[in-house]
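Chain IDs A, B, C, D, E and F follow the sequence of writing; residue 1 opens each chain.
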Amino acid sequence: MSRHRVVTGTPRTDPDVVRGLGELGVATVHEAQGRTGLMHARLRPVYRPARVAGTALTCEVAPGDNAMLHVAVEQARPGDLLVVTPTSPCTDGYFGELLAVSLRAHGVVGLVIDAGVRDTAGLTSMRFPVWSAAVSAQGTVKETAGNVQVPVVCAGQLVRPGDVVLADDDGVVVVARADAPAVLVAARQREERERASLERLAAGALSLDSLGLREKLAGRGLVYEEYGAEPLDRTGAGETA
Amino acid sequence: MSRHRVVTGTPRTDPDVVRGLGELGVATVHEAQGRTGLMHARLRPVYRPARVAGTALTCEVAPGDNAMLHVAVEQARPGDLLVVTPTSPCTDGYFGELLAVSLRAHGVVGLVIDAGVRDTAGLTSMRFPVWSAAVSAQGTVKETAGNVQVPVVCAGQLVRPGDVVLADDDGVVVVARADAPAVLVAARQREERERASLERLAAGALSLDSLGLREKLAGRGLVYEEYGAEPLDRTGAGETA
Amino acid sequence: MSRHRVVTGTPRTDPDVVRGLGELGVATVHEAQGRTGLMHARLRPVYRPARVAGTALTCEVAPGDNAMLHVAVEQARPGDLLVVTPTSPCTDGYFGELLAVSLRAHGVVGLVIDAGVRDTAGLTSMRFPVWSAAVSAQGTVKETAGNVQVPVVCAGQLVRPGDVVLADDDGVVVVARADAPAVLVAARQREERERASLERLAAGALSLDSLGLREKLAGRGLVYEEYGAEPLDRTGAGETA
Amino acid sequence: MSRHRVVTGTPRTDPDVVRGLGELGVATVHEAQGRTGLMHARLRPVYRPARVAGTALTCEVAPGDNAMLHVAVEQARPGDLLVVTPTSPCTDGYFGELLAVSLRAHGVVGLVIDAGVRDTAGLTSMRFPVWSAAVSAQGTVKETAGNVQVPVVCAGQLVRPGDVVLADDDGVVVVARADAPAVLVAARQREERERASLERLAAGALSLDSLGLREKLAGRGLVYEEYGAEPLDRTGAGETA
Amino acid sequence: MSRHRVVTGTPRTDPDVVRGLGELGVATVHEAQGRTGLMHARLRPVYRPARVAGTALTCEVAPGDNAMLHVAVEQARPGDLLVVTPTSPCTDGYFGELLAVSLRAHGVVGLVIDAGVRDTAGLTSMRFPVWSAAVSAQGTVKETAGNVQVPVVCAGQLVRPGDVVLADDDGVVVVARADAPAVLVAARQREERERASLERLAAGALSLDSLGLREKLAGRGLVYEEYGAEPLDRTGAGETA
Amino acid sequence: MSRHRVVTGTPRTDPDVVRGLGELGVATVHEAQGRTGLMHARLRPVYRPARVAGTALTCEVAPGDNAMLHVAVEQARPGDLLVVTPTSPCTDGYFGELLAVSLRAHGVVGLVIDAGVRDTAGLTSMRFPVWSAAVSAQGTVKETAGNVQVPVVCAGQLVRPGDVVLADDDGVVVVARADAPAVLVAARQREERERASLERLAAGALSLDSLGLREKLAGRGLVYEEYGAEPLDRTGAGETA
């Protein structure tokens, strides 16, 4: 039950769909697929601004052990984005400039890791985009087998080989391979609607009206009161002795 | 006891006082009012450097629900700064570019939120200053009533509508409306004293002397010893085997 | 047993060795001394990029009390780097622009503190490099004696007066004074090896081969499987109903 | 603006109301006053089960300094519950057996502190109920003035002298003095309704029906599907290769 | 893409297998399936000791909204264990005595929730076993649709309806339905081996020998040195001035 | 510089002194040695009440790797207490019932570990006292060399082989071997003074007087005011509109 595996020949999402999603923001895509797929907010970019989309090259590692990252490089295909998850929480620096150079040589476009990275000055200089849970110079060993290109849970989301992973300054979202074309269509529509809203709001329109919130909230008990008229302040700040 | 309310017509601090405080730093103002009013350090600016002062437009929201932010926009007056607190801890992205554009259209100068925000690349581009407890693309619903322009506790501090909120790279401080003119005077005096100190210290003077610490600490048991003379090291590091 | 002390005349690491280490990165030096000496990753630079090396001027302070920092300034020698540790966890702003100006006037090259700092905009402007566990405008008192130039534990590492402290965007590492010359030699060798590796990897070589990982991991049970051939997925994601 | 004060002669909530609230649970009272007043969940009881209600004797302390707790004892009246908040986050052990014995001698019924305590074995033996944010043997100094019997923010809630503080295994809730009689009535009603619900639910009734959720959620898009019929699983787990 | 669903008629693991796993510990079962399936250690039991195994009844909820728990009750079958995960981090008290009574009436054996619960004194009295990420009296609303009996990620692990969930004082582990019979066999074998080891170790045997670690670690550079003979201590503590 | 070592023949503190310290509490001993030596409050006992003192048997381990614990057992002498620190933060379960049985067979009296443990029900049953930073069933590998019986930093404190480690419900304190006899004397004196204080305080005496705090705090600006007389409340809660 605990064989460690490297799965080869896994399918990947159509590059045109990946490219299309890469032109949109994480928040937009997350909304377009029904507010799903967002990784935990502990994943932060090493430098900002940054934005990238790629097909997931998944990798599961032991705590403090980056042996499997070296295995993953060989499985990389151009357009892949490496997704690394440790089997238990770890902030060590699994990844640095050497691995970034190696991944780039094999066409990998970025890294998402629910653990630590190092050489952040170098990663920033070479503009290799990385989202990580920590920055730490702590080195790792290369002793333990893990898994490459199997479904993994990374920062709270299931990621399968070939899924689209999109990351920007707001965080990281996963789009399942089978859903990606439809999500792209929905996300583009959403972006267009947002652009129209933006113009109206910039001109002073109230979203309270356009969203129909005035009635809804009144129906849920929201009242308006003139200042000074309130008899009792529930935080007590207006109470007189 | 749990009516949700929007209080209208709340008074605001004199704009000249707000402007004056906005020229000073958070640390200076916090000191000038007796080391009070500082929000928790988990609030961090979305981009740096940033500095802004405004009159508090307060808003209390349910976790994962930003309906009341849309209500708050209507209550905004030029020079306001939106202060948002969730009723329980939440890192979701309550606020993004659309709301920023809308607030700016109504003269609001910034946002302080003890929760998450998103569209951080956009907020940075448009230079809308935001201090938040988290960055997360996670969307919110619009279902639950809350409160606008009532006294709230945000990141550990009581904020009342119309109070001054001052934020910079160091964090966020609240100055009560009634205290603001006096705090401004005290803060300006402090800043002048600091400028004078700065010159003396840059010239090599010791604050140990100017602060009278030499005698005070001697009185509290501080001794000077030559290296190598110490018989026993309480961390044990000097102990011989 | 609890005398508070300032130890004078402590020895310092040879400036040439410090300078040499300062040209290398934290990750490299940490590896070169056997993956030891790294402070906890909660210490982050106030601005990036930043890199500095200095001889430790150690200082132990009470929570919320920075009296001993003023004592430390007098003990500073050019090339020192101030290392501050509180006796219990504290995020208050112990340090700001005034102390930075004062330290710089005495030749101190930077600060590492397992607590908070403030005036971060000022520190950034004057390019005084600081690594801290927090940013907070919260002021401190000056009431309690502590220790200067005694061995301290800072962010999980023992630091003794005169040890080398090296800090960059990845974190902070301590090199014991007696070890520093040998660590410098080892770190330079490592850097050279890394430069050679970098070239090979940029050309597409696989570290899997150069590190001999292929056989090692096979011996620890790693197998390769063609996609679609796997009968059972341990995350269950491939299981059919 | 930063005078430190002890306010004497502050009013307290009617003891009968306090006693009444003390017979109810924190969750019930929190609900009865509109889901307000709950302190942050980081406050945990030193031993369980525990339940107590008292009138707030408020105390604001410096980090690592418990001088003001000794001041607070003198202000205690029978039925008070000591509420302590530090001016910045601190986990030190402000309070132990000696102060517990002293408080009990003056009729104080418990302690709520957004910081640390020690002597927890002793506190448990003598059954003095304490809710704290930490347990730590770390001692504190007695150097800095603070405030007693002024309004404070403790663990995110405004507490004013004489308010009711109710604590049990679930946490701590504050009831404003002026609201307390009405909250007691509402809470008792709520408890009765809950007792009735409990019986129905124990008999197998579905809250889905009694709460009218079936229609509400259908209206918000909830659908029922037979297993095996779903064409696409958004977590991807049902997707075929 | 964001339809919210209740899936009916999902298969469950064979009750005999569930019962068998329930007689073993979480650590044993986790090891027996190759150190996989363990939920994050933030999930802690409300009372100890506690141990339970059941078939997963999965439920995905919005932050601060427990509407879907009421929906889940109707889907419960005897032997189920409710597994609840919020769509973003939330510590609110989603669950209390009423829902526990209701679940028990439908044969549910326990709850695992990556969020908060309340009425912990009541849950303890009625011995309804609960593992949660927080205890909080904070109430929730009932406004938003979610999912029941779909695959979810809970505390870092994929859980599918009908999988076995086993929880004890050490935490919570998931066993995929298809794997469960084989895991049970392996876990029983492991337990037997451990019992034999226990006897040998109790008699003073060294695991260093039985595990063959002596040679392995020597091969990886471990040396034995007599105290006092070491010339240099890498923590520096043995260094002479 | 990174040789991994087991140091044999290290000296230990006199057993009578250890026994003496074991009769006192952690808080008392920590105070008696000048508020030093206390480990971080994240270390908590697996069961309460618990109290133990022993001579430190130190062990430094890699993250997720417990090989060195097996090495440590062989170095154990009756009266030792095992102190384990990982080289980087890790919450895995390094230690369970098997190792506890083995340690007990060699006379070891307890465990302090700045990482995770498992089999907590078993450890509780057999009353083997453990203080840990986490509880987790996550297994570890046995691949990497570390150090035994060298000076280590554990939870923020330097511990050297043979030092006294004392742990109770409040936490863990280290007493250096050379200091131990004097600390024992001081701690016993302190305990006696506390017993006397306890009696006075139980009779209603005010520590405010016995500690001379009344004058000290008055000198630092503390004033007493009658309720209702205060013109301005710095938290603003008393301000009138």
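Note that a residue touches a chain if its C-beta (ideal position, glycine included) is under 8 Å from a C-beta of that chain, and two chains touch if they have at least 3 such contacts.
The model shown is predicted, which means the values in this text are computed figures rather than measured ones.
Peer 1: When A-E is set beside A-B, which has more C-beta pairs in contact?
Peer 2: Pair with more contacting C-beta pairs, A-E versus A-B: A-B.
Peer 1: Compute the rotation angle for the C-alpha superposition of chain E onto chain F, expressed as a multiple of 5 degrees.
Peer 2: About 120 degrees, rounded to the nearest 5.
Peer 1: Centre to centre, using CA atoms, which chain is the farthest one from chain C?
Peer 2: Most remote chain from chain C, centroid-wise, comes out as D.
Peer 1: Centre to centre, by mean C-alpha position, how many angstrom separate chain C and chain F?
Peer 2: The mean C-alpha positions of chain C and chain F differ by 26 Å.
Peer 1: I'd like the Å distance between the centres of chain C and chain D, where a centre is the mean of that chain's Cα atoms.
Peer 2: Distance between chain centres: 40 Å.
Peer 1: Can you give the whole-Å distance between the Cα centres of chain D and chain F?
Peer 2: Distance between chain centres, rounded to whole Å: 28 Å.
Peer 1: Go ahead and note the Å separation of the Cα centroids belonging to chain B and chain F.
Peer 2: Computed value for the inter-centroid distance: 36 Å.
Peer 1: Counting only residues that touch at least two other chains, what does the list for chain D look like?
Peer 2: 1-3, 11, 33-36, 38, 87-89, 91, 136, 138, 143-144, 151, 153, 158, 160, 179, 227-228, 234-238, 241
Peer 1: Where on chain E is chain B touching in the complex?
Peer 2: 62-65, 87-92, 136, 138, 141, 143-144, 227-228, 236-238, 240-241
Peer 1: Would you mind writing out the residues of chain C in touch with chain A in their complex?
Peer 2: The contact residues of chain C facing chain A are 25-27, 30-31, 35, 38, 41, 44, 48-49, 51, 168-171, 173, 194, 197-198, 201-208, 211, 213, 216-217, 220-228, 230, 233-235, 237-238.
Peer 1: In their complex, what parts of chain C are in touch with chain B?
Peer 2: Chain C residues touching chain B: 1-11, 67-68, 70-71, 73-74, 91, 93, 96-99, 101-102, 104-106, 116, 118-122, 124, 134-139, 142-145, 149-153, 158, 160-161.
Peer 1: Across the complex, what residues on chain D touch chain B?
Peer 2: The touching residues are 1-3, 32-36, 38, 40, 87-89, 151, 153, 156-158, 179, 182-183, 186.
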